[in-house]
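Input: structures, listed below.
Each of the two complexes below includes chain A, the first together with chain B, the second together with chain C.
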Partner chain A sequence: MSAAPPAAPAPAGPKIRSLNCPNCGAPVVVRGFGHTLNVACEHCLAVLDAKDEGVRILQTAQQRERIQPRIPLGARGALRGEVWQAIGFQERTIQVDGIPYSWYEYLLFNPYAGFRYLTEYQGHWNFVRTVNALPEERPGKQPAAVYAGQKFRHFQSAVASTTYIIGEFPWQVRLGDVATVDDYVDPPRMLSKETAGGEFTWSIGEYVSGDEVWKAFQLPGRAPAAQGVYSNQPSPYKGQVGQIWKLAGFALIAWFVLLALVMTLEGNERVFERSYTFSPRSGGEPSLVTDEFELKGRPSSVEVSVNTDLSNNWAYFRFALINAGTGEAYDFGREVSYYFGRDSDGNWTEGGRNDSALIPSVPAGRYYLRVEPEMDPNAAPVYYTLSVTRDVPSYAFFWIALPLLLIPPFFVTIRSAAFEGKRWQESDHAPSRDDD
Partner chain B sequence: MRYRLYAVYALLLLGGVAFAEYRGWSFLSVNEVKNVPKTVRDNPGAYRSHYAYYTRYIGGK
Partner chain C sequence: MSAYCPNCGAPVRFRWSKAVQTVCEYCRSILVRRDVDLSRVGAVGDLPENASPIQLGVEGSYRERPFVVAGRIIYEYERGGWNEWHIVFNDGSSGWLSDAQADYAIYSHVPATGLPPASAVKPGLRCQWNGVVYELTTVTRAHYRGVEGELPFEYWDKEDVLFADFRTRDLRTATIDYSEAQPLLFLGEFTGFGALHLRNVREFEGWPRP
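The block that comes next holds the complex of A and B.
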């Protein structure tokens, strides 16, 4: 996202009122003049009454550690169609399981548009405004709030205290101010309810990238990288899970269509079949060659099958599919073994009487098979049938492609779920906290 | 953006499957031998198979 150009020319230089801090004597600038109720001295952190002619001291601070706002007070920047000036800064802190978590709030002022807030937590920014209409709160296991037709899910409730303030504020502000904050999210927006002293204020924020803030206020260097997943940070996977599964559905349909086409269109043509008997006890030359047969068409697969009548025995067949014209041969071997019996577990079998080999990309031509069977020299004769089939589909590619098609959608789904898991892990509704 | 990449990926994958089927590819490892003499037809025992020294598994429970 980038900052939209301002809708109107930048306002003329704001009327600035200068005064001196009665606590430390340092100059204090009041930029939001008519609206400013309190101003916190940037030097001694004393909170002053800006409405009082004598600039009465409302609170003094003992803090030793100073926080340097990333957006200097007085800086102006065009953000979301308006020019804003940073006039106030506060740190607010909540305690979760005894651990303090702090975020920063910048008060922005435009004399025509009023006040806005920029909040920052570990590199995550939100552009916030108060809302006029009252959101509808819906109780439940996970409460919700509806504002302008948009439903926000409850994320977290906590008691926030103000732990650092400098600059101007249009409300009475003090260090140690306490408010109950209820956050509801529907990324990239967040609806917040702050309750203090029996009054409540609703505000709505929209996630802004640090780069957009940096560009808007022309800050030096680069925005600090955002850490972790923020409550209303838009998911980079939003919309992608459904989209990729939709595409995966189309891909699966294409997979089925392709499979059906292959099953229908592959030739699967039997080009040779003949039966033989091999008797190892005869002691003669075991190898033989078959009659020639024709393989037609484009380079395609050839399946050589051997079906035997083996019984508790094995046979090994060395094959060579030889092109009678070119003398090129495809050498391969197949072992067939079939055993059966009965033991304490019952009947058992092992192996099979048949086997086959699929030879890839065999060009057209006239071919014959050289077959060299081998068995135990004392084995009984085996009767076997050789068959050669042209253009046999290899479904292995389909079964490999199927999981490969499904891996990306599963991956995106898991990543998306992991992102949402990280988001909600920090909420009051984290799965691990359900039993608390 | 990711789903566009996926569309390209799926098309390439299915295209590859179709091409492999068309060309009759398989995973069988065969040894291709050049210039087998024509005398093999008359004397099949003279051919030296690449698998002549294959170690057989003798099965049985």
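The block that comes next holds the complex of A and C.
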């Protein structure tokens, strides 16, 4: 047994196959090796049996005008970690309220990693693969499907028919094939169930930008802009709504802290207080001048308050805060009126017994108040207390800041809701369509 | 361990000591090992064009368990064909690497009783094994198309065979093979090409080997 046996034949690797279309004679390239079952001639659109030695013609339906795929058959691109070659292309069409909607599907192939799909609808792209698991369908008012712990909301169910085919497919494909497609979304992913001939296939798609597709396949020019909002298009506001409300929350906390600081740190120093009586009928001196009081420290706000015992009456107080040294005067007036009673709705009141005026930034010095009360000549006397407080906190800033703080989160929330509204407008669950 | 082909005299090497059947690489005789002798029980015709990147001798690992591809069974049905590659792990146990249009799954035979009879299999049937619910999704009547390399049992005189394929909520899967008198249960898991860490794979024209 010394004779060496003949060498075992080296296994030859699979080769790309070229054939001529038996319908039109045009060359047809088979790039899917032994996987390709059917191939549609790019020239005459005849569907051929790639497994048959004689390349039998399966369908020669004369189709409508040609569609030029954005990704040419044979083009290769690196997408999501693998190199893929586009080997098949089909257009599929659904009818919604009698209007046809068509999208394109590119079959991508890698002899090691297998098959993937790219779908294209008005500039929106999805990178799709079949799912070997069995997602859980949850029927109901808002049907859902759960796959790998992720819940997808039902978006649309429709019957899709194949309206254009070129290139290769590892399954039997014919013009006019129909399948029911149920789409469930959780942007940026979409879970789809396709049912045909009693069998179903699940697939999962991930939204990809046209730019990513263009870059991957080095396509000329720029990707066409996406039209409208697509079912699983990620919202530009996703995550922003929560984030901006969180920021607004922090801002509100800062708002409260500042408010508390202002309330505790501002001096709020009472520098004068005294009570008087004014009787309009006595015809007494209508004008009075208070004792002098001292305003110390930095220029600060000064609040002049008047607290009265008015009862179903009114009084007008004309004030002047006068600097005893310079004679500089701050003039202002306040009308105080307080009415109450009882009618068929019960007790009512109007106005109030007290009022105050705030003078910003009054410099230090000795001051006095000149007061001129005015009332109805027949009114009862009024007993009132004047008080002057220095360094009074001003809360106006806080009341202006509060709504300003809340505008951005409200704005983003509204924008986000509008985006979702546009998305679901196209679904089976559009609010307006429920009324039909 | 080596022997000689009783048909052509070429040496027959076994990758796996427990192999029951192999195919002579030279004359394609199907050789069955009974006791110590090899007997020729048939011959393999031309194998169909095959686009699997896997071939005999491919090495890989699955869940940290190294394996080598020792044999295969080829099936065909109306939608094409698929390969059941017989893989031998480094602990001597054997399993199956299924390649259907580059969709990969690893299976192993699991002794089971009370399997549904062939007459009862239809989509929607639910079975429970090892606490996991499996749902029958596809019944495939396939045609045995050929064998290659070493197999853990005699498998050469088949014609049409029936398979019931099950799926789960995750990537676990099951197949019941009705080609024998007693149905055989295989439990498995879908996996990706990259997760198998395969070496010595076939080369495809125009594609760099990964």
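Quick note on the criterion: the second predicted complex is superposed on the first by the 296 of 436 C-alpha atoms of A that agree within 3 Å, B and C clash if a C-alpha of one lies under 4 Å from a C-alpha of the other, contacts with A are read in each partner's own complex, and residues count from 1 in each chain.
In this section, contacts are C-beta pairs under 8 Å (C-beta built on N, C-alpha and C of every residue); 3 or more make two chains touch, one makes a residue touch a chain.
Being a predicted model, the structure only gives us computed values, none of them experimental.
*Asks:* Of chain B and chain C, which one touches more of chain A's residues?
*Replies:* Partner with more touched residues of chain A: B.
*Asks:* Between chain B (first) and chain C (second), which does A:Thr60 come into contact with in this model arrangement: first, second, both, or neither?
*Replies:* It touches nothing on chain B or chain C.
*Asks:* Contacts for A:Gln122 in the overlay, against chain B (first) and chain C (second): which applies, first, second, both or neither?
*Replies:* neither
*Asks:* Contacts for A:Ala148 in the overlay, against chain B (first) and chain C (second): which applies, first, second, both or neither?
*Replies:* second
*Asks:* Just checking: does A:Leu134 make contact with chain B only, chain C only, both, or neither of them? Give me first, second, both or neither.
*Replies:* In the superposition, A:Leu134 contacts chain C only.
*Asks:* Regarding the shared-chain residue A:Ala396, is it in contact with chain B (first), chain C (second), both, or neither?
*Replies:* first
*Asks:* Which partner chains sit in contact with A:Asn20 here, chain B, chain C, both or neither? Use first/second/both/neither.
*Replies:* After superposing on A, A:Asn20 lies clear of both chain B and chain C.
*Asks:* Chain A residues touched by both chain B and chain C?
*Replies:* In chain A, no position sits in both the chain B and chain C interfaces.
*Asks:* Going by the contact rule at the top, pick out the chain B residues touching chain A in the complex.
*Replies:* So the residues of chain B in touch with chain A come to 2-3, 6-7, 9-10, 13-14, 16-18, 20-38, 40-41, 44-45, 47, 49-52, 54, 56-61.
*Asks:* Which of the residues in chain A end up touching chain B in this complex?
*Replies:* 240, 243-244, 247-248, 250-251, 254-255, 258, 262, 266, 285-289, 298-302, 312, 314, 316, 318, 320, 322, 324, 327-333, 335, 337, 339, 341, 343, 348, 350-351, 357-362, 368, 370, 372, 374, 391-394, 396-398, 401, 404-405, 408-409, 412
*Asks:* Name, in rising order, each residue of chain C that touches chain A in their complex.
*Replies:* 4, 9-11, 25-26, 48-51, 53, 55, 79-81, 101-103, 105, 123, 135, 137-138, 167-171, 173, 190, 192-194, 201-207, 210
*Asks:* In the complex of these two chains, what residues of chain A are touching chain C?
*Replies:* Residues 1, 5-6, 8, 11, 13-16, 31-35, 37, 51, 110-115, 130, 132-136, 148, 170-172, 198-200.
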